[in-house]
Each structure stands twice: as structure tokens, then as C-alpha cells.
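Below are the C-alpha cells for one structure; questions will follow.
Note that the chains are named A, B and C in the order they appear, and that numbering of residues resets to 1 at the start of each chain.
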Amino acid sequence: MNNQLIQKLFLKLQEETPLIHHITNNVTINDCANATLAIGGSPVMAATMAEADEMASQSDALVINFGTINDQMFEAMVIAAKAANHKGIPVIFDPVGVGATKYRTEKAVEFIQTIQVSIIRGNASEVYSLMGKRAKTRGVDTGEIDMTAIDLAKEAAQHFNAIIVISGRLDVIANENSIVQIDNGDVLLTRVTGTGCMTASLIASFAAVADDWYYAAIAGMATMSLAGELAGQKLSDSEGMGTFRIKLMDEISKMNAATWIEGVNLNEA
Amino acid sequence: MNNQLIQKLFLKLQEETPLIHHITNNVTINDCANATLAIGGSPVMAATMAEADEMASQSDALVINFGTINDQMFEAMVIAAKAANHKGIPVIFDPVGVGATKYRTEKAVEFIQTIQVSIIRGNASEVYSLMGKRAKTRGVDTGEIDMTAIDLAKEAAQHFNAIIVISGRLDVIANENSIVQIDNGDVLLTRVTGTGCMTASLIASFAAVADDWYYAAIAGMATMSLAGELAGQKLSDSEGMGTFRIKLMDEISKMNAATWIEGVNLNEA
Amino acid sequence: MNNQLIQKLFLKLQEETPLIHHITNNVTINDCANATLAIGGSPVMAATMAEADEMASQSDALVINFGTINDQMFEAMVIAAKAANHKGIPVIFDPVGVGATKYRTEKAVEFIQTIQVSIIRGNASEVYSLMGKRAKTRGVDTGEIDMTAIDLAKEAAQHFNAIIVISGRLDVIANENSIVQIDNGDVLLTRVTGTGCMTASLIASFAAVADDWYYAAIAGMATMSLAGELAGQKLSDSEGMGTFRIKLMDEISKMNAATWIEGVNLNEA
């Protein structure tokens, strides 16, 4: 990913303020709205079937997050995502907790069979479960799986014909032809809720203005990991997780192409 | 608005801790509860039909916010608002995103035809859409309209027999006879979610203890814009939107009559 | 409560990262997730009936919070709590606003008659209302009752065969045989939403790893009150409620056995 490309993505975000529609969980919905604003998008979070088509049709990207999925929310998600597919805008799917319960896994598989998802963002065990494999997922944590994140991302990219983003100590982003790893982040990112969900919002914001969604996925994932790293560096010993969360949002809102290029450690995997 | 009046409003808020019932969206509901507490009210946020009447009947003001409206929430809103009308407490209506979808606009028009709304707080295109005019609203952002906020506020105040609060670079507050502008604020207020929703909570808190709700609307709107201005002044270059949000809540909680009188720029429009 | 016991609780929390399932209100759900993470648990917040049994069955504790109770949420709560009873994990019940409306009180009584609740955490008027007595509850605030918190806790512990935690200026924790008071805290804890809800999450996290849930209740309640006290001490005059909330979460995340033993004022009542 060359420097001109990331500069162009930040510039277009600033110029276009894309509308990022979310149908998402009620735990981190505020974080997602603020992360979208922080990076330069405009969030909208309507969740009823009655306006799902119309709201998605005027948006520039759609985020679907399974964190607190239920039947009604699922119906709205399918309607919104069909409208997004029809309009040709990116659909970012965050299969939170998939693998933890039968209901969640079945709904996720149904979703991905009904909709052409553009980008899937999850942890390794969620993506693994989405492929019909059995991971030991516990709640919404990462469970253990029997393959590397790199192999999983490659296989999933082929299987779903989608861009795959797997968050972890090293983040992995793959499409059908390419794969990269990001070596940024801070362990504290695992101790606040919503960092995964917010990553999907960042990816969606970049995807809304990108020609190639693969680079948008890299841009968004790396923005979160680098922001977490910078926030961690600025945290003093007298501060804790409350302050880390605030500094994380500070760093997202201050992120620009120069900081990104300077800080992101991106490697071919 | 003379100084004695604003002093009295802050004093009564402190003495009475009014109960402010909200039926509101799940994006900024936590912000609204904390803003209500910060200014001196006591928030309650029940949303089921089963207790809408009883909860509204024991409250001192009611906030109705359309951010994530759906059919069930709408039914609870109507029941609660009828109880509020019956009891004679102020109903503050925040038509978030009205104009963006047909569903949202129809429900808002139905609400305003069923309920005597006391105060309407929105951005210009939301209020414009509520009057049956067609604005280009995109998501929950302000769209373009063909009249000034001042003319719109005057017309809407007559049309709805209500107090109108239009947030913007200059905030406008009108009733059927008077209109004022507030020249405070900070552009960063547009880069965090929930500042409009929290404004409605502040207005409701003042209205719950006010003899004339027009002055409560001015007091609440100016509190938000001044708090945003003060928060912006105290933000250093190394800080970003996470810290701005925290400083905004700090300033709301520290607001008092002296700070308000010193800082608010209020002009006849 | 001796020092070895509290040391063991913190150690086991760190070693086991227990899964704490919540079915809770949409006002403070994010705060509860972050508080759980801050103390060392892993939160999960699914709320649909379709997975209530399966999610509770893989958890280590269950928090049931009535803040924004409705019929659908209640059904999921009962299913999840039956699974928790069956598995033998602790059920922490937070009867938010019970006494304020007939609906809320009836549902709470139904819940407590159906489920063996392990720990009840509320303010005095909520616990009083739960016993079928009539308190003047207004919204979600504490109302006036005609007995002391100590007498109420003792009576409720017998009546419900459960551990009772009553938050207040002095917190009271009782089981059928013992009762203690905690003399920590800060009045600012009453001016942010969610401190009660987060206390239930802290108690649940300790209970998930405790042999005796009575000591877990003391550990969790005292963690919140001490964290509030420490946050208040570190708040400067130029700061307000926004910063207090952040410092509160900081202190929860930095809490350990040494700080707890040093700071908590625990007395036999």
C-alpha cells in the first residue's frame, strides 16, 4: 500500500464525509458513532425494518454487527444489506460472538448466504466458525482454532469471495490474491469493549470513499491498531482503562495520512 | 432574558432535582442520562408501553427523541406524551433524522398531530421537514433548505403553537411572539454524537422548573453551546475528540448562573 | 473478611477471566461491559430468548438488571436465569426502579418467585418495594422508607434466602447470618448514571470465582465505593462529572488486593 493511496483515502474522507449506516449492537453503538465521526464520516444508526431499505439506499457504506442480534434486527439487516448490494456500496460484516451459540452461528451463515458481503471483520474464532468449523468460542472472546490466522484469512477470502480482516496481536487482511499483516496495537485494546466494532466503522468509512475496498480494510484496521498503540504510549502509570478509552478516541480523531505512514508497520504475510 | 430569571432557574433546578423522563434512541441514551444528572435533574429512561403512562405521570418533563424510532417505541411515546399533556408537564420533541426517510417523517407528523408538543428541538432541515416541506436530509445531518433559520423558527412556532429551538452555527429560539439568537458554540460540537440529544435533556431539565418554557429553552440551548465553547477553549493540541466529549460534560456539570450570564451571547433576532 | 480472602479473589479473577453474562438496560450497558473488563472479567450482553439458555450455560455468572425492562427482555431473563440456576452459577439481580411503576414491581416479584436469586443489589427503596412494601420511589431514585438499611438488609436476606447489597452513604451487605457496612464512597457517585449497575457487574465478577458469594458481594460493592472515593480525591476544581466518570473507571481498572485492603473501611453492623 503506497503512500499516495493512503493520502488519497484521508483526503477523500475529509472532502466527502460519507454517510455510514450501521445496524449494530446496543453495547458499543455510541462508540461506533463517535469513531465514525472521529475519522471523518457521518454515522446513522437506524434499526427498524420500516426504513432499512430507504436509509441504506442513501448511505455510502453499511456496517452489520451481530453483537446483540435478534430476529427483528436480523430482518432489518437483510433488507438494508440487500439495498446496499443493489446500490453497490460496501457491506462490512462483523460476526460478533459467532460460534458462541447455535442461534448466532445459524443467523450469520444465513446472512452470508443471502448477502454479498464485501468485508468480514472478526477475531479468528468468529471467522473460523463462520466457515462452518467448530471453534471453542466462549462468549465474545477469541477461542482456540487449529490453523494460523494467515491460513484462515486466505481460505476465508476464497470461500466468501470477500475481504477478510482478522484482528489479533498481528492483524491480518486478505483478499483473494493478497495478504498483509499489521504489527501495531497495544494489549489494552483487548480490555475495552468496542474496539472491534469501531474498527468496522473505520473500515466502512474508508471503504465508502475507496476504489479498492482491500486498501480501505487495511487503512481502517491499521488506524485502530496504531491509535491504540499511540494511546498506550501516552498513558501514565496513574491512569487506567477509562483514560485509555478517551486517548484512543483522541488518536482516532487526530489520525491523518502522515501519522499513519509514519506509524503503521505493514508487512506482506 | 434577564439575570434574575436565569439565576432563579439554576436555583430551582438545584432545589427540586426534577425527574426527566426520556423515551429516546439507544445511541446517545447514556449521554442524555449523564447530561441530565450534570445539570441537576434526575433522568429516567423507561421505554415500554406497559409503564409509559405511569412513569410519565410521576415525571416533571418528558423528552421524546426519534433517533432510533420503531413502531413499539412510537406507541410508548404516544402513551407517555398523552400522560404528560394530561398532567401539564412540558413535552420536548427531538425529531432526529426526520426528512431522511418516509417512515420517520410520517411518524413525526403523526406524533405532532396527536400530541401538544411544548418545545421542538432540531436542526433546520428536521424542523423544515416536520412542516411538510421537502429538505434534502441525508441520514441525521442537516440538509439544505430554502429559508433562513430565523424565518423557519418563526413560521414553525406559529404553525405548531410551540417553542422552536434550531441548533446551528447561531442557535435560534422562537415562540409565537419572540425570537432570539445565541452566538456561542464550537465547531467540535458537530463532531461528537449526542450533542443535540443532550440539548433536549438540558432544555427539559430547565422546563421542568420554569414558569415560562420559552426561557427554559433558551437556558438549555445556551448551556450546551457555551459548554461546548468552553470545552473547546480548554482543549490542547495534543488532545482530540475523546477528551473534548469529557470536557463538554465537565462544563455542563460546572455550569451555573454566573458562568452562564458571563458567557452567553444572546441577541434579539 | 480477612486479607487472604480478598487477595485470593483478585488472584482468581486474574487467572480465570470469568465470563459474565448480562441481560441489562440499554442506558448503562456499555459502562457495565467496561467495568467487567476493568476488574478482570469478560462481559457478554446477549439479550434474545433464542440464545439465552445457551449463553447463560457457558457463563460463570449472570447479571439481571431491570433498568429498561420489557416483556421480551423479561422472557429472556427468565430463560437465562433458569439456566444459571441449573448450572449453579450466581445470579445477581438489580431491581432498578422497582416500586416506581406497577409493571416493574410485578415483574420483579414474578422474577424472584421463579428464580433462586443469589445476590440482590439495589438501593433501599428498591429492595423495600421488592418485599411487597410500599416505598415512595420516584423514577430510579431512592425513595423514603420507614426502616434502616441494616434492618431492611437483614429482613430481606431472610425473606429471599439471598445475599442483600444495599448501596447508600454507608453500603450494607447481609446474608442470613452476617451483616457488614462499608464506609467509603463519594457523593459524586450519585451524579453519574450506571454506578449501581456497574457495581452488580463487579459483584458478579468476584462471585464467578468465589467459594462464598457473600464475600464476593462485599468485594464488589467495596471496590465501587473505594474507586469512587479515590476518583473524587483526584478530581481537581477545574474538572467536572465527565472527568469523574473516567477517573472512576481508571480506579476500577487499577484496583488490586493491596489498594482494597488499604482503603476499604469495613465494619460489622
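The rule is short, and it goes like this: contacts are C-beta pairs under 8 Å (C-beta built on N, C-alpha and C of every residue); 3 or more make two chains touch, one makes a residue touch a chain.
In this text the structure is predicted, and so the values were computed from the model without any measurement.
Novice: If every step must land on a chain the current one touches, say how few steps get you from subunit A to subunit C.
Specialist: Between subunit A and subunit C, the shortest chain-hopping route counts 1.
Novice: Degrees of rotation, nearest 5, to put the Cα trace of subunit B on subunit C?
Specialist: Angle of rotation between the two copies: 120 degrees.
Novice: For subunit A and subunit B, what's the span in angstrom between their mean Cα positions?
Specialist: Centres of subunit A and subunit B (C-alpha means) sit 32 Å apart.
Novice: Name the residues of subunit B that each touch 2 or more other chains.
Specialist: Answer for subunit B, listing residues that touch two or more other chains: 26, 30, 245-246.
Novice: Any idea which subunit C residues touch subunit B in the complex?
Specialist: Answer in residue numbers: 25-28, 30-31, 67-71, 97, 100-104, 138-141, 191-194, 238-243, 245-246.
Novice: Under the stated contact criterion, what part of subunit C meets subunit A in this complex?
Specialist: 19, 21, 26, 29-30, 33-34, 37-38, 42-48, 50-51, 54-55, 58-59, 234, 245-254
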